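So, here come the structures, one by one.
Both complexes shown next keep chain A, but they swap its partner, so chain B is in the first and chain C is in the second.
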Partner chain A sequence: MAADSPVRASSGGSPARGGLIDRLTFAALVLGVLLTAIDVVWTFTLAPMVQGAELSEPAIIGGTQVTTKLLLSQKIFYLHVPVAVASFVVMFFAALWAVRFLMTKDRAFDLRSKTAMEVTLAFIVATMISGDLWTRFEWGVWWVWEPRLTTYFILMLLVIGYFILRNALDDPERRARFCAVFCVVAFIDAPISFMITRLVPSSIHPVVFRTDSGLPPMMLIPFLLGLFGMLFIAFALTRLALRINADAQEVEDLKERLEEQDAWKSRAAADAAFERLRAGAREAVAADEAPARADSPDASTTGAATGAAADGAGVSTTAHAEVAPADSESPDTHLDSSQEA
Partner chain B sequence: MDPILAEVYSTVLPAAPFVIAAYVGIWIALFAYVFVLSRRAKRTREDIDALREALKSREDRLKE
Partner chain C sequence: MAQDSKPGTMRVSSWRQYRALLLKDLRQEVRTREMLTSMVVYALLVLTIYGAALAQVGDRVEVVSFAGGLLWALIIFTSLLGLNRSFSHETESGCLEGILLAPVDRAVVFLAKATSNLIFLALVELITVPLFFLFFLSGAELASTTPMMLLPLVVGTIGVAGVGTLLSTMTIDTRGRDVLLAILFIPVVFPLLYACVSATSVALMGVEGTFGTFWTSLALAGAYDVIMIAAAWGLYEFVVDA
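On to the complex of A and B.
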């Protein structure tokens, strides 16, 4: 890893326009929305309702014997879980790009990581909203400090913290490096949150992904449609956001360069004005010296006058010399700066 | 309504607002992000126009 090397300018931050990826982005968005729409329709029409508590006595509905209450709230699962999985997947890519940034110091990867974190936050908020509504209905409370909820809440706080850290640092190099490290560390919570229902058996949160889930096809199909739909939407959103963020960053860079150029230009004008003042002062000193020489009557007085004039000049020169070191380097410095610009 | 049917659906109707709110909430969160992105894109376009103007006026001053 190039730990101390400076951050390199973006080499591929701005995605190519009108290329294959662009068409894929649009296709992914359309496909994602379509799959999710089918998932929603299937969920509320074809997918059977999960059975709850037992009835006091069986009932016949539509020719089928029903012995338990029906749970409509379980239908939140068909979109809530895909959104949560999408948040984990997008955050994985954010961490991956953060590692790539730390390895290469290429700002393009910092931009990608930041963009993926934005999308992650959107999906986390969506997951929290739907999950909380399910919790409210099924458990009767808005919030429970249950392992899955707690770890996912921590994940949300970490993602929010990432953006707070990002806004707190002005230096782009430090900001990119610190945020990349923070992103990788924050991602550690994602697999913990995913696995917590298995790691803590007392957890009351349902375990969704398991080999013996026994979901009938009529329930599994809409779930998979929702899962792939949300993954496609997450991909399209990430690409779209990356395009917009890359453009915004490019504009910010251009603005900074313009402002720097303006600053150098005004400093150069100030230096030129100061140089003119110094030249004027030199001429004034020379004009003062000339009458003193002309007024001297003989050699001895000339010598004394010359000495006095020399003293006066010496004072001037000394005074000038005191000023000179301070400002003598500034024109060169500004010149160098201008040349660099 | 038949009391047995009422018991069967006793958990369905109260859950409906929560289910609908969950589905709507998910889409609101995602659309909110799309809205933020569209605003950012609009601001970037405005910045590009401002930069273009600044560049043009600078070139005009240089010509003078």
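On to the complex of A and C.
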């Protein structure tokens, strides 16, 4: 079972440096930005200001009939929906990588899942901001507890909760596992949020993705440009963030290894220092012994020196002088005799 | 973790493992009464706060129209407290390690824990829901369809117990686990809450022609239960072995 298979350090699944995908990242970013820019320009120039898909008939909002001023805010649609779709797509990949992490226990997938969640959060926040502008200027309120808004808001809370969970766990192996589980559980809300406009027809949010959307080409083309542009940007952002996170993780790993080696080294140094001290002590003992030997040339054993150190120089010298013949015996007898003296 | 089915080895059936684990939880609760007392007292306190919050409302406003929401807020907060406690004695006395050392399928551990949580939640609801009616709806005219609110109550409690068991297992060893469980639990359980509140409100109001919403909400809550419990069941083995 999974219990006895520790998390492997990143292996084959780790992002390849300088590979084809890596080189494509920059191109994708440029392409995405370009497409989105065309989308924005098209939105404000070529896209007609007629009744958009959002409001097919004039409606009374906040006491005023919908006018061109209100329809201008419909331009948010061309960015809002692509960003929202991108957030779902990136989160799908986050959940996919989380599942693959649980299957393989390869830390590279945890890294990818986490990175994708970070990008998801960025896109969700962007969607919330653009969506909030939409609710304010199209519906006349800052916030409604409407099913789509509610489920999407919950999605944001779940992604934030994911990062709080990540910070609350210290053990990297356990953190990776729990976060992967929570990522999968959190992702369940994404299809709910996506499908809610179909499940609850009373929702003010229109069903955008359908074959009979009725968008005229002049509106459909910029929308699609924005959609693909945003997906390219999402891909490039995920890739770039992955590169940064991989570097950060590598730095962490190196730091850990460095610390380990440092610990080894300092331990070795401590051992060496200990040895030196021991040697020094031995030398000091020998040095102590030397004057004793000088005082009484007969006292040749170390036992005499120890006795001398224990009793004090004055006593010992006299003792040595008196019991010099006993010196060849064990130190204990020598000590006794010196005390007697 | 598949059990050995080698010939000659005594194979304990999953049902017996499940029963043993469940009985252990129940016995522990009967002896300590830790979870039930704290949950009931907490629910009473929430009801008291409702009393203060609605003090100026009086009988004029139809409390019935938002009673479903109030009742579900009570259930969610109370179960949050209970779920936080449900694993505390498991870790305190090293009981979880013992269970995990035994050759028991992780899914069985999950089911037993979820069942015991469900039983405790149901017991608490048995006390608090009548109290809620007594305190806030005794003066109101109840619709004849009021007993139908038991359906979302059952479906909702099952979902809360299932998801809560998974999440509370995840948060036992974290820093600041009480807050973390709330942060994870409330958003995850939100769709269920939403569906149950609308179903309960329809049942309490009993307006003709709104029962389509009741059944749709109930179906949504049921679907949520099935999906979430299946997910929790499948993912539980990744959460417990450490």
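We adopt the following convention: the second predicted complex is superposed on the first by the 232 of 341 C-alpha atoms of A that agree within 3 Å, B and C clash if a C-alpha of one lies under 4 Å from a C-alpha of the other, contacts with A are read in each partner's own complex, and residues count from 1 in each chain.
Definition applied: a contact is a pair of C-beta atoms (placed from the backbone, for glycine too) under 8 Å apart; a residue touches a chain by one contact, two chains touch by 3 or more.
Just so it is clear, the model here is predicted, and its values are computed rather than measured.
When the shared chain is aligned, no partner comes close enough to touch A:L20: not chain B, not chain C.
In the superposition on chain A, contact is made by A:R174 with chain C only, not with chain B. After superposition on the shared chain, chain A has more residues touched by B, the comparison being chain B against chain C. After overlaying the two complexes on the shared chain, residue contacts for A:A186 are found with chain C alone; chain B is out of touch. In the superposition on chain A, A:L165 makes contact with chain C only, while chain B stays out of contact range. Of the two partner chains, chain B is the only one touched by A:K255; chain C is not. By the touch criterion defined above, A:V141 lies against neither chain B nor chain C after alignment on the C-alpha atoms of chain A.
In the superposed pair of complexes, A:V83 makes contact with chain B only, with no contact to chain C. In the superposition on chain A, A:A287 makes contact with neither chain B nor chain C. Chain A uses no single residue to touch chain B in one structure and chain C in the other.
Every residue of chain A that touches chain B in the complex is listed here, in rising order: 40, 49, 52, 55-57, 59, 61, 66, 69-73, 75-76, 79-80, 83, 118-119, 121-123, 125-126, 129-130, 133-134, 136-137, 233, 237, 240-241, 244-245, 247-248, 251, 254-255, 258. Here chain B touches chain A in the complex through residues 2, 4-5, 7-12, 14-16, 18-19, 21-23, 25-26, 28-30, 32-34, 37, 40-41, 43-44, 47-48, 51, 54, going by the rule given at the top. Of all residues in chain A, only 1-3, 102, 147, 150-151, 154, 157-158, 160-161, 164-165, 168-170, 174, 177-178, 180-182, 184-186, 188-189, 192, 199 touch chain C in the complex they form. The touching residues of chain C, counted against chain A in their complex, run 1, 163, 166-167, 170-171, 173-177, 180, 183-184, 186-188, 190-191, 194, 220, 227-228, 231-232, 235, 237-239, 241-242.
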